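Two complexes are shown next, each including chain A; its partner changes from chain B in the first to chain C in the second.
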Partner chain A sequence: MSTNFDRRRINGPEDSFSPVLVDDDEDETKWRPGKPRQSRQPQDIRPIFLQPGLISQANGSAYIETERTKIACAVYGPRQSKNVGYIERGRLNVQVKFAPFSCHKRRAPIRDAEDRSIAVLIHQSLVSSVRLELFPKSTIDVFLTIIENDGIDSCVATGTVAASTALADAGIEMLGLVTSCAATLMGEEIWLDPNHDEATAGASTLVLACMPALNVVTSVWQNGTISPKQGLECMKACQERCETIHSIVAQSLVSNFTPE
Partner chain B sequence: MAATSVPSEEIRAATFQRLYPKTYLERFLQENVRPDGRDFLEFRDCSINVGSISTADGSSLVRLGDTTVVCGVKAEIAEPDLDAPEDGFLVPNLDLPPLCSPKYKPGPPSDDAQVISSRLNEALILSGMLPTKSLCIQPGKFVWVLYVDATCINYNGNVFDATLLAMVAALKNARLPKAVYHEETNHVTCSRKLREPLSLSGTPLASTFGVFDSSHLLADPTAFEEPLLETTVTIITDNGGRLLSTSQLGQYLPPEMDVLSECITNAKSRTTEIMKHILAI
Partner chain C sequence: MDVDLKLPGQPIQIPRGPAPQLSNGVYSRDGQVRASLVGIPIYQASTLSIRRVRPHPPTSNSIVLGTVTRLSPIQATVSITVVDGIPLLPGEEFTGVIRVQDVRATDKDRVKMGDCFRGGDVVKGVVISLGDAQSYYITTARNDLGVIFATSEAGYTMQAASWQEMRCPKTGKIEKRKCAKPEGL
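Then we have the complex of A and B:
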């Protein structure tokens, strides 16, 4: 019997596979590893579209789009923690969900490890910025839905920015806005904000989250092989870019703010 | 004192709405207007945006007032059922994640999501919009499976209408790669460049109405109005204005009102309006 039959959903056939695509006549315009970066400089990031407050049912929300990465984020809370005893500090709960159509291969709606690990990384970036000591017995829920995915590093970085914007939109007290930027090591060059193809081709990827207003780093996540010197260079490049993103976030929050 | 009384007025209204939702709505209806300023039989503005998700074979984003639904079509290949060797599969599902409303919790699909998904499946099947035979690649060997997944991003009522519209728009936007069956190796390859639209016929469109207090008929209810309604009536018509389905959920219809015929008349004019949006995509 099929294992993925779920009586709570409309089911398709037991087994199906993605179409096999052929006759790719060497598309010359497509980027390939080894080629110089297309349409932007190594230190450039993709344009960011950020709109807080789109989800009217939530306490705070943000929608972010950087070319092909599209993420919606909603914040509910602080609300009462259920099924736990007295806790002095509030809890920050981050959940990430991929839409089934967000990746090249269809993502069947079952729990897998990837969304959990992204949630943990975003949680880590955010948790030191939120003043949880002000919310005893409460939970702040941060839900993210990835509508289109263009690389995991990009999802973590843009997801962090969206979540921090949504927290600010919800009026939750924070020490500062958290912004995040990814980098990949391509040969000797550092390419900021890589997309999926670039991140897979690079030797190492690094995602840095920081609070530019306080000049502190909240999380660093590095993968692959990199020398300590290059690692520090990556972090420095990311941090500079985070300051640019910080002003984008602040601008979007200001233009969305309506005094009560 | 004066400085504090201005916001407190607003807060008092919000508190009253929270504590006495029914009275709150009644007071608006007495003045012949709904809390969001609409007339009783007025639908919210709707916008359709297609093809913005590159990872899907077809996609759409529909906004019905604040209610927002994203839908993506993913095409996969499978073996057909033995008793229907030429029939492909159409698999529509709606997800109502905890992101879209405080009333949904993380975990398996909620009751609402299950009910709406199965109603969407029925609507798509009975409209005959997409003949499953047209999804055949090689009879008895390979057929297309179209997963039509919708995710609600913002739940402000009447998700059924918005999702059906999103699914219809995503199917119209979908382009399937041209598939070739190789008999000697018994497998299917697809062209990366040649893509074809689906052979669609008919466009099912839904219009939902609610009855409040056995006396008022409200079109396109919001999330605030929905739980206060005794009955909801959903009319599904096709693009020619022909009736495809009528469903009533909830208590009996008040006999003193001619609810059904009024719903049908309004649904038809609504469909004509929505068709303009669909033809524009």
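Then we have the complex of A and C:
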């Protein structure tokens, strides 16, 4: 607990649990591993709400919501890099924060290993799309706040889409828009865009990020056991779904565009 | 929805004829010209670009405005607040340096920094290089570059009297500055 303690804040009791209001075991409607997917087909994704430009202080921003995954993203800069040597290319700095109420258990507002690993994954998905050679000595800051968390894979995929939309909204030059989709291997089936329960029940998860406009994959992150054949199938399914997400991103940017 | 509106990565149809010069917001990949910003591509002479009025970091030949923050006999440190006429957001200033040899074009070895700038002066300059890790190098060695706004010791806004003198309107005292020639004179 000592590492996860900030004496400048009002800290709750050391361990607290939210009351269990519904007896989980008796809830018949709840999805359980082994059951077929509820309310959508295996290759369906959750409905996406995407709104660029919600945070007025930021250079560019986006808010994304897919059922119970809710992420706000703000982009600042390009601003001058501090405390680094001369660099010809710009730097892309991605930071992820979990809201204290984002998870089932309260999450102390301290940076830990999990948000940093998500930040690294999102950075990996975005970095090849941004034309960093145009921003010498500068840093572009991307801040993501996870307001509600429904699975890490979903956070990485949704966060990437939000960050790319926010970068486009900020007017930062990019090779293309990055979209991302997650998949989980449930038995022999591929379930796209899994939520937390599905991702933990699946044998393997895979997150793919790509630029559909250029037909280029920017990042693949795979967890768990998967055969090469199934892996390729997952990637193909994700890439197809990324094109759907791309049209959603495009639509939101077009409807948000105001000529200067 | 505007038909001409392009999104990052979207291909731009180039009319037949000589290939256009690619400027801001467009790039070429595998022989296909694509947009890299959200916007409408426009032609200016033979230059194709997508305009976006957003603050951007200085590049060489950018015209910048900044405030003198630190003065030494070798150089003046400037906090750049406006790049190419676009103000930067507060807190996102870039640091620039006017070295003693870049203050004016003639008589370079007799420049005294204290007779050219003072802390708080607003200076117009041109970026000559990206400089070192900390700062951009700025020059004022042109008639239209130099101090454009300064306050006297008494605290009043001074008027330029010549290219190296400014006068306080209240006390009439003359202070030394490297003044910029006003536009349209």
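Heads up, the rule we're going with is that the second predicted complex is superposed on the first by the 238 of 260 C-alpha atoms of A that agree within 3 Å, B and C clash if a C-alpha of one lies under 4 Å from a C-alpha of the other, contacts with A are read in each partner's own complex, and residues count from 1 in each chain.
Assume contacts are C-beta pairs under 8 Å (C-beta built on N, C-alpha and C of every residue); 3 or more make two chains touch, one makes a residue touch a chain.
Predicted, not measured: the structure shown is a model, and the values here were computed from it.
Of the two partner chains placed by superposition, only chain B is touched by A:R9; chain C is not. In the superposition on chain A, A:Y76 makes contact with both chain B and chain C.
Partner contacting the larger number of chain A residues, of chain B and chain C: B. Of the two partner chains, chain B is the only one touched by A:P100; chain C is not.
In the superposition on chain A, A:V120 makes contact with neither chain B nor chain C. In the superposition on chain A, A:M211 makes contact with chain C only, while chain B stays out of contact range.
Shared-chain residue A:I55: touches chain B; no touch with chain C.
Contacts of A:L175 after superposition: chain C is touched, whereas chain B is not reached. Shared contact residues of chain A with chain B and chain C: 76, 79, 260. Across the complex, chain C meets chain A through its residues 1-2, 5, 7-10, 24-25, 27, 29, 34, 36-40, 51-57, 89, 92-95, 130, 132-133. Contacts from chain A toward chain B in the complex involve residues 8-13, 15-25, 54-58, 68, 70, 72-74, 76, 79, 95, 97, 99-104, 106, 109, 141, 143-145, 147-149, 260. Of all residues in chain A, those touching chain C in their complex are 59, 76-80, 84-86, 129, 131, 135-138, 168-171, 173-177, 211-214, 250, 253-255, 257, 259-260. Remark: chain B residues 7, 10, 52-56, 59, 66, 68, 70, 72-81, 89, 91-93, 95, 97-102, 106, 108-109, 114, 117-118, 121, 145, 147, 149, 151, 153-156, 177, 179, 187-193, 223 touch chain A in the complex.
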